[in-house]
Every structure is written in C-alpha cells, then in structure tokens.
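What follows is a single structure, and I will ask about it in a moment.
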Amino acid sequence: MLIVMHKGAGEEDVARVVQAIEARGLGARPIPGGERVAIGILHNRGPVDPNWVLGLPGVKEAIPVTRPYKLVSREFHPEDTRIRVGDVSIGNGTLVVIAGPCAIESEDQALTIAHHVKRAGAHLFRGGAFKPRTSPYSFQGLGEKALRILEKVRKETGMPVVTEALDHTLYDLVEEAADIVQIGARNMQNFSLLRRAGQSRKPVLLKRGMSATLDEWLMAAEYILEGGNPNVIFCERGIRTFAHHSRNTLDLSAVPVVRKESHLPIIVDPSHACGRRNQVIPLSRAAVAVGANGLMVEVHHKPDEALSDGAQSLYPDQFRQLCREIEPLVQLYTGVPQGPFASERSSSRL
Amino acid sequence: MLIVMHKGAGEEDVARVVQAIEARGLGARPIPGGERVAIGILHNRGPVDPNWVLGLPGVKEAIPVTRPYKLVSREFHPEDTRIRVGDVSIGNGTLVVIAGPCAIESEDQALTIAHHVKRAGAHLFRGGAFKPRTSPYSFQGLGEKALRILEKVRKETGMPVVTEALDHTLYDLVEEAADIVQIGARNMQNFSLLRRAGQSRKPVLLKRGMSATLDEWLMAAEYILEGGNPNVIFCERGIRTFAHHSRNTLDLSAVPVVRKESHLPIIVDPSHACGRRNQVIPLSRAAVAVGANGLMVEVHHKPDEALSDGAQSLYPDQFRQLCREIEPLVQLYTGVPQGPFASERSSSRL
Amino acid sequence: MLIVMHKGAGEEDVARVVQAIEARGLGARPIPGGERVAIGILHNRGPVDPNWVLGLPGVKEAIPVTRPYKLVSREFHPEDTRIRVGDVSIGNGTLVVIAGPCAIESEDQALTIAHHVKRAGAHLFRGGAFKPRTSPYSFQGLGEKALRILEKVRKETGMPVVTEALDHTLYDLVEEAADIVQIGARNMQNFSLLRRAGQSRKPVLLKRGMSATLDEWLMAAEYILEGGNPNVIFCERGIRTFAHHSRNTLDLSAVPVVRKESHLPIIVDPSHACGRRNQVIPLSRAAVAVGANGLMVEVHHKPDEALSDGAQSLYPDQFRQLCREIEPLVQLYTGVPQGPFASERSSSRL
Amino acid sequence: MLIVMHKGAGEEDVARVVQAIEARGLGARPIPGGERVAIGILHNRGPVDPNWVLGLPGVKEAIPVTRPYKLVSREFHPEDTRIRVGDVSIGNGTLVVIAGPCAIESEDQALTIAHHVKRAGAHLFRGGAFKPRTSPYSFQGLGEKALRILEKVRKETGMPVVTEALDHTLYDLVEEAADIVQIGARNMQNFSLLRRAGQSRKPVLLKRGMSATLDEWLMAAEYILEGGNPNVIFCERGIRTFAHHSRNTLDLSAVPVVRKESHLPIIVDPSHACGRRNQVIPLSRAAVAVGANGLMVEVHHKPDEALSDGAQSLYPDQFRQLCREIEPLVQLYTGVPQGPFASERSSSRL
C-alpha cells in the first residue's frame, strides 16, 4: 500500500502515519515527492485495510499496490485450473454448455427438457430446486422433491446436474444431490454460505453479484479456496446499470480480465444477463468468441407456462440453433482462451 | 398488469395471450388501441410475474399497474408505524440517533464510546459483533464475546443496542442479545435470513442493498412482515454508482418516496454512504432535513486504530458537533415527516 | 400513451385528465380496470411528453406505448440500410474495419500507421484532427493541418477517412475533408451539431453517449434523419458503470437491440470501451460474433509515445493478429446480422 | 503521478519507463518497494495523461497524485469566491433562490410566474429560451422572443435572469440578454461552448453532466477559468443511476466535496434531479442543510399545461411553502458552508 499525503501535510502528520503503521507491526518508508510526501507500507502479509490510514490527519489517499486476493490469483497459480465433473472438464480450452429450465417444475418437465438439451449438445443440466425470489408470493421452487428429480435426470441422461444452494444449512442436501453447487448473484457475499462451500469438495459455480466489482467477486472465491475447496467456477451474468433494454448489462470484458487475474475458469449466463429470449443467441456467440470456458442457458419447452423467467428461456429449437451457431466458434476457439494472454505476450515482446 | 402487443400482432397472438392468462385462473380484458392492442389482467391477488407473458409471440411490453408489495404498503396501512424500543419510539415524528463503533473491539472500547455518544445525545448504541467482510483475511468481529459486551453497554448506559445478524442460524444468539437486529446491505436479499427475521418479534433494521431498487427493498421487508414481524425499520446507506468521491452515493430521495409508499419508518446511515469522515456531518444535516426518522452514525475515540472503517468514524467531539448542528433541525422538523404528504395534498387540492 | 390512475383517484380526477388531453387536440379513452382506471391517448402524431400528465392529481404513471422515434425505426423502414463510402458498403452483412491512431500527430505518423493497417486488412482509416479533451491542458489535436494529412492518407492508400467534428461551425471544414464525419460520445446530445449533420449528406458515425439509453441514442439519430441525412452509422463504445476493470462497460446487447429496433448499421469501438490494450482483441471477436456491422480500433506504431490514449492502442502486429482472429468469424457471420431476427422468427413460428 | 510496476517487471522495463518519462522532459524517480517497483513523475506542470504510461510493458497502474485542475482548486485559491449578480451575491454564506418555469412560453406566463416567485422570496428568475430536447418533435423553446420576455421580466420585477445557451454561436445573443448564462448537463463537455464562456465575463451556471465525475466537472470549469472568466457557479442536478423512483439520483455529497476541492459556489437543482413534484420540497430542505449556496427550482402556475417538464414544476403555493420551510434553515446555515471545513479542522486538530 502507498499512502499519499496532502500538500499541506506537516512533518508531525507524516510522523503520526509512520507511527500508526509501525504500531501494526508493518514497515513504513516515507517517499519525498515534488509537491507532497508519499509513504510506502512494507512487510504486509495479505492486504492492508486502507480505512484506518485515511482517518489520519494529512492523508490524501491510500493506494493498494498488491492484490487483495491470493489463492485465486494467477500470480500464485500460473496454470489454468481444470475442474472435472463426471466426464466433463471445465477450463481445459473446450467449451462447456450447461442448459435447462430456470426452475424444476415436475419430473415430466425436467426430463422432457433434459432430453431436448442433451440431444442438442448440452454437457450439463441446470434446474432450480430452491429459488431465490424477490417476492414472497412468487413460486419458491419444489425443494427436496426437485433434488430427487435432478438425480433421476442424471441417471436417465448421464448429464451431471447444477442447482443452487440458498443458504449454508441447505448446503448438505444440495451438495449430496448436485454435481456442481451454484451460489447465486444475491448470495455472492453471503459469507456463511461461502464458508460452507469452502468445507465442501463439490465444484462451486459462483455467480457475480449484481453490482460486484471484480475484486469483490475474486475475494468471494478466495473465501471458498481459503476454506479448502479449490473447485470454483466463475459465472458472469450481467451487472445492474442505468440501461434497461436488457435486464442487466452483460459485462464481457470481465472474461479476459478474470482469465488474466485468476487461474479459475469462467463461464457466461446470457439468459439472466439479458432477460429477453431474442438476445440470448447473439450474446452466446459473443461469450464464446470473447474466450469464456462455458455457457449456461435457460431452455423450456413451454416457456409461456414456465413458473419463472419464461421470457428468457429458449425454445428447444432455438437452443439447437444456438448450438449450431456456436459449434464453429468452439472449433475456432479451442485454445483461444490463451488469446488474451497471447496479445498480452505480444505486447510484452515488443 | 397491462400487456401491450406489437403493432404487427395478429388476432391469434392476442387469443394466445388471453388463453395463457385464463389458464392461470386470471381474467383477461383486451383493450383495442389506436395502433395496437393492450390486454389488462384482472382478479390477480398479489403481483403477476411479467416474464411468462413477455415470452409470448406478439407481446411488446408487460406493465405492472399494481404494487408488488402489500403489507408494507401505505395503501394497506395509511398511518405511520411507530416502533417502540425501550423508552425510544421510532417513527413518531421525532429523530432517533443511533451511534457507536463499526465493530466491538473490546469492553473498554465499547464502554468508552458508549459513554461519549450517550453524553452527546445518542438514543441507541450500535456495534458490530459479527462483521461481514469482503476479505476472509480482515477482522471478522468478536462474535458472542461482543454480544456480552453489548449487554453490558445497555446495563451501564441504559441505551438499547443494535447489532447485525449475519445469517439465520446466528439469529437466535443475536436476537437474544440485541434490542434491534440489523440485516446488512449484502444480506438484503438473503431470503433465509429474512424469513427467520419474520419469525422474530424483535425490531429489524433492514439496510438497502447496494444496488437495490425501492421495489426490491420494500419486497424484502414484505418477507419479514409476511412472516409475522411488523417491526421493520428501513435504513438508506447509499447505492453503488460510477461516482467515487464518496464510497457510495447517498440516495436521499429514497426517504420521501419510501415514506410515501410505506408506513414503516426509515433512517439514514451517512457513515457507510460516504465512507469519508468529513462528509458525515453535512449529510447528516441533509438526512434530517429531508425527513428521515433517524440517523445511524459511526463514532470511534481512536479511529486511526479502529479494526474496521476507521476513515468514516467521527471523533467524539465531531459527534458532539453533529448533535449540536442537527438539534435545531429536529425542533424544526418534529412533524416534518408529514412534509412530503403535505406537498402531495396541496397539489391534490389544486 | 397510456395513463394509469391511482387507486384512490376520483371521477373528477379522471375527468380533468381527459380534459387536459382533449385540450391538446388528442383523443382520450378511459379504460376501467379492476382496481383503478387507465386512460389511453389516441390520434397522437409523434410522441407525447409524459411530464404534463404526471403533474395531474390522481395520476400514478404514464406509459408510452409507441416508440418516440420514427425515421430511424425498423417499423417504418423494414430493410437494413446500407451506406456506401468509396468502395466500401456498411450494413450489407459484411464486416467493415476502421483503424488508425486516436489523434493525427504528424504526416509521418499517420502514413506509417495507415500503411500498417491497410496491409493488415482495414477498410477505412480513422484519426482525430480536433480532439475533445477533458483537460484544457491536454493535446487538442492538429486541427486543419490534420485534415490535410487525412486527405493525403486517402490519396496514398485509397482508404476513405473518418474524423470527428467537435461542433457545428467546424462541420464545414471536416465535412469537406472526411468521408465519414464522427460525432463523439460527449456530443451525442449536442443538438446544434446533430442539426448541422442533418443538413449534410456525408455519412455520420454517431457514438453512443456515456450514459445514453438506446431511446436517447436513437432519438439523436432521429435529429439527423429528420434534417434530411439518411446516412447514420451507430457506434457502441461502452457505457459508464460502477465497474472499473475496463474504462467503460461495453454493452454488446445494444447491437442486437439496435438492429431489431432500427434499420441503420451499428459498429463497435472496443478500444474506447475498455481503454486497455489487452482487452481489445477478445472484445473485437465478441463484437463480430454478436452481429456488429463493423469495428473501429485504435492502432499506433509507437503507443508509448502517443499524444493520447496510447494505453488502448494496438501495436501493428496486434492489429494483424486481430484481423487474423476475426477473419473466420466474418466468413461465419456474413449474413449473421439476420441471426437475432432468425431467432425472433423461430420464436414467432412456434 | 506515480507509476506502479508489475511484480514480474524487469530492470529493462523500469528503464524504458524512465526513458519515456524523461523523453517528455519530466523527471522520473524509481521507488523500490517490497514486492515491486514504483516510479514517481516530477516537475510536471499540469496533469500528466496516464494513458501513454499504461501502454508500456511491465506497468501495472498509473496513479495521479496531483489534482488535474488548477484554477478551480481551493489549493490555488483558498477563499470562497463570491459572484455578484445585480444586488445578489452568490457564495457569501447566504442562500440564493432561483425560480421560474422550465421554458418561457409567453410574456403573460413568464410575468405571472415571475411575480409569484418574487413575492414568495426568489432572488433570480429562470426560464428557458432555447431548450435542449431529446426529441426533435418536442417544443424547442421560443428562442430570441423569449430573450426579450426575460428582459421585460427583469425590468418589471428587478430580478436578474438565468437562461441557457445551447451552443457557442448562440452565446452572443444569450450573453447580452441574461445575467447568468446556463450551460446544461448535456453540454458540460461541449468544449467549444466552454471556451466561448471563458471569453465572456458574464457569470456561468455550469450544470453537472448526467454521468460526470467530480474531476470531469471541475475540469469543465477549468476550461472557463483558463479562458479568463472567473465567474463560474456549479449546479448539482442529479446523476444517472439504476434507480428509477426519481428521474436522476441527487448526489448531495457532491456539495461538501466540491466546496472542499474548489473555491467556486455550488447550488442544487432538485427539480431536474427528481423529476417529481412531491420530492422537490424535501430535497430542497436537504440541499440547504448540506451547505449548498443556492437552489434552482421550477415553478409553473399551470403545470398541467406546461410545454415541458410540468410534472416537476411546483405550484406557486408549493413554492411559497418551500420558501417558508427553508427560511429557518437559511438562518441556521448562514455560515454553514464552513461546516465541512470545521469538521475537517476539528479532525486535524486531534
């Protein structure tokens, strides 16, 4: 961390800051500048909270010069992490497609959709058992009954299944039934849930919070890795902005940046990002082209009767079209994930 | 809800929408317009999820014409709700001041600050026992030990205490020790926590999520009231925007709007909103003037040694200054909360 | 427009609204609903400003049910517009690549870069003559001298040139020298400039404002078309959000939505969107895959000496890499622009 | 400016950065850190554009440690600037109230409203002659005719008048008729307009852009001061966020921050910020309490017939109520502007 003092700051102000730093067992190195003094903090293991420094008289800014996260960082783990789920491997340069309904509504609905998406080329099946809903009056999911249905889907189709755990006490149930446990956008900073996920060994699909910075997102994953679970998959699902032509604004630049900062795989959920069926296919093509490790897409055979998020669910024939359209991209970009680093390297080469 | 069809939509499209609505046991009333048809949905108890409608061919937009929330709504409960905590009453037109450190660090620290803020005029004491922290490496709070310290603060100073419950399993502990249980911004849509709060009778301080719309915030409170707990206090603490001269952007227009839409009291937390000590006093004056029912302010006698959020904590003498500065406002605005409605009324009178 | 009344609104309130509407020579049709009354506005040519309605007692909301724009709308002009510039045609299903430095710094710099990008496959050359700069102390561009250099670039390389007009009085100069006149993000609602562009016949590259909604953007183009100039090309260049891992957040969902709402072509500027060299290539791939009609990319042979925006400029070999990487996409997506509509249609077919 | 290098950066990377800095005639001082090297830039007059530095291999971040603005900065001009307009002085610790219709619609309308607001206590009259409108089909203002009406208002009521100049060529006309020339939010970075305002000596009311950071806003004022016109008044009018319960989100923390960073006065426009009549009075109280130097409020005697922004215009009796409600605040806060600095000082005292 680097502390920048006000122009007017006096020697006693600098002295107080140095004291306060050393009182924390850290080293302080004053750096005289043209107009003002800066003070570097040394010997700090892990990040230093800038707030107590900003509280000191004469201090203008505190600038972190080390990343706040460690275990998720590519600086600490240069190679891509690959996460194995059944026969599928996520993060190995091929594209993983996760598809299914927003919510499990019945065994018949789940199996019908599962067979549709498998035939079209999906690798994993998604379906909500416990649904986080803005309104207490909306459908909340079938709960445990849905978990049994998911097990049946896996048995019948061979596809591993992804479903969300709403809190740490439900985690046991979900962890037992699911191949990948999803942590939703609203729970990205539910630290009890993150700690529980850290005690598990099941892969975790960590969705980005609606207004989370990349640092906050990576720190949420750090909770899970720090707990002992190295199997985290990031999922970009759009951020909240002033724009309202799509439900959220899909932030595709997060993909190259997360791939550069971290060794963990990242997939994209275009369905929740746009919230409108007719944006899903073009945004899926874009997500593959930008270098995502996978897609998670909502599909429903009767979206106009869906109990949640029907408007963003693709019809089975649209999902087939999506798979057809991304097929050539996957061939092109097997190995594209290196793209961003390639361009990095070439710039460093110069 | 009102459904607006595309210009090109045919009769069969309209028929399908009507069918889909009636299939849900609702009434559908087509409304022929100049260029296009609209369809009204009738007999719906509670809100209708627009998504399944948007999924139908020919549908352009779905417009809610009833509020999604009920129990929190002023339409259903015209009078202001007053919440009693010890000798203090929140929502009765006087201003309640809650003050204390971000986190309880020791009995000595808590009692020292408690005596400072009580002398200056605070009505309630705040202090974090369990801290939600972005980093797993940051100070996480003293936990139960802090709850015992809070009880001692109440015993010694007579001030009721406010502290946060991080999840539903910790709720029993916190509920027993606290007079008001805080639900933090990151947990505003932690539905397990909201449901647990609904089973309690202890007042709940519900902070606004970093990117929550007012509807989402009111719906979060609806979970608690729907569970049977009528004692909810809203707390505006700033929203996340592009601006970075303050940590968050304090949205004071939320105060008159929430007071108009709901009967529940609303207070303002300027400390977390700005994150900078020298903005706290002016924003506190503004919060009182806009018609808030109370303030929650961070105070620390040694902010440069605080284990969290020191930069936004006031020094005791600054807190005294704050109380002096808002004193005359409180006298002016005892009864101002009616302000917004007064202006409403006068506009209706015309 | 549809006006929704408050539950409590009385007959006299409805009557007043009807009066106010008819006083404007429009038709008013009250629509009795379950809980409240709605009032439709008929016979309106062009959009109705909702504000005067919202001012009336008893009015809850005013909902536009017709688009505010006309001439830019696909409803009024179903076929894609193709804009011819020299031998290049924009909007005909092939991809147009515009490349060059942020600012023209010298004839040597411009020609060097122009030859680089032409060899790599660029169709048009871009370079700033008049630069809008946040600071009055930053390099403001070479002005007219740069226009002469651009003419020389066209003469030597055969590439049409794109450069920005900062205001309506400079328009004559720029219009004479440029093949496409750019209107920058900060000027998207500079109405004097838009009207001047409407009097021209030169194609206009209209960048999206930093916080412009799609409606505002399309309305800005409506000013130009309404003035008589049908040759407008939209350019998505990122919007301002809370995220700071890229300078702006590239909003790729704008591409399918604009293509659906309007007949005008839309290109993407990944360089200004991200502001970081190593995000440009992946975002360019994504922009092509999402269905953009073109790309505008900054290239500089000595970015570390560039007088503006060096950090986002590609090195020539990176630009060659970019062209290599998008080449197969262009072959795939010649005709993809129909993609979004295809998926639309297939959903309508069902 | 301070340049932070990547952990892996080699000596040759550092050497290249030093070279690039010195090639610009600046001084470079490498600062060895615990894990990585930082490089300070010295002897720079005015701000340094970070972009060319970020383009260099091995560079992680570039951190400005001096403000980009000079003439507007309190560091360069410690005392508050007071701007004299007729008998009114803005920035001298009393509150200035500017009121009137959004647009001048007729002499009768203007004079009627002018007499209303003067009687209620307004010091200046506002009214749009040239209106920036999102739609080319909306009312664009009466233009010069309105300027004549404004002169008549001043003659009859003695109130100085404020009106907007849409571009630099209209500036002569507006400058001659108005006592204060307004530059609108959409034009905050119309640099031709800012330069023209710099050549004038008439006071300028500079509205904050919809998504402008404080630095960008202060830099826009720097253009005017740098041109030779020291009479700039800032006007906070709300920023664009995801929230939609008010048209924009009024950012009141901008007031203490601008007052701290700059010596120029700042007023608040609650009407455009909220866009809803019933939020105007509470937000006005808040604006006065936070320490603004003035208010600008829209008033119309027949808002339901207003040609623009009727929904946010107060009725004359509401404006009287507003003046009554802020009256005691003004008495309290004559001299409050020192508030933020007082709290600053007291913290420095400790």
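By letter and in written order, the chains are A, B, C and D; residue numbering begins at 1 in each of them.
What we mean here is this: a residue touches a chain if its C-beta (ideal position, glycine included) is under 8 Å from a C-beta of that chain, and two chains touch if they have at least 3 such contacts.
Just so you know, these numbers come straight off a predicted model, no measurement behind them.
S.K.: Over the chains that touch one another, what is the least number of steps taking chain A to chain C?
M.R.: Between chain A and chain C, the shortest chain-hopping route counts 1.
S.K.: Would you kindly say which chain has the C-alpha centre located farthest from the C-alpha centre of chain A?
M.R.: D
S.K.: For the chain pairs A-D and A-B, which is connected through the larger number of C-beta pairs in contact?
M.R.: More C-beta contacts join the chains of A-B.
S.K.: Cα centroid separation between chain A and chain B, in whole Å?
M.R.: Between these chains, centre-to-centre, one finds 27 Å.
S.K.: How many angstrom lie between the CA centroids of chain A and chain D, rounded to a whole number?
M.R.: About 38 Å, centre to centre.
S.K.: Multi-chain contacts in chain B: which residues touch at least two other chains?
M.R.: Correct list: 211, 240-242, 277, 347, 350.
S.K.: Report the topology of the inter-chain touch graph, choosing from line, ring, star, complete and other.
M.R.: Graph shape here is complete: every pair of chains touches.
S.K.: Would you mind writing out the residues of chain C in touch with chain B in their complex?
M.R.: Answer in residue numbers: 2, 4, 7, 27, 31, 33-36, 38, 40, 42-44, 57-58, 60-61, 63, 65-66, 75, 240-242, 347-348, 350.
S.K.: Contact residues on chain B for chain A in the complex?
M.R.: Its residues touching chain A are 16, 20, 23, 46-47, 49-56, 68-69, 132-138, 166-170, 186-187, 189-193, 210-211, 215-216, 219, 222-223, 226, 240, 275-277, 303-313.
S.K.: Along chain C, where are the residues that touch chain A in the complex?
M.R.: 211, 213-214, 239, 241-246, 249-257, 260, 273-274, 277-283, 285-291, 315, 317-318, 321, 325, 328-329, 332-333, 336, 339-340, 342-344, 346-347, 350
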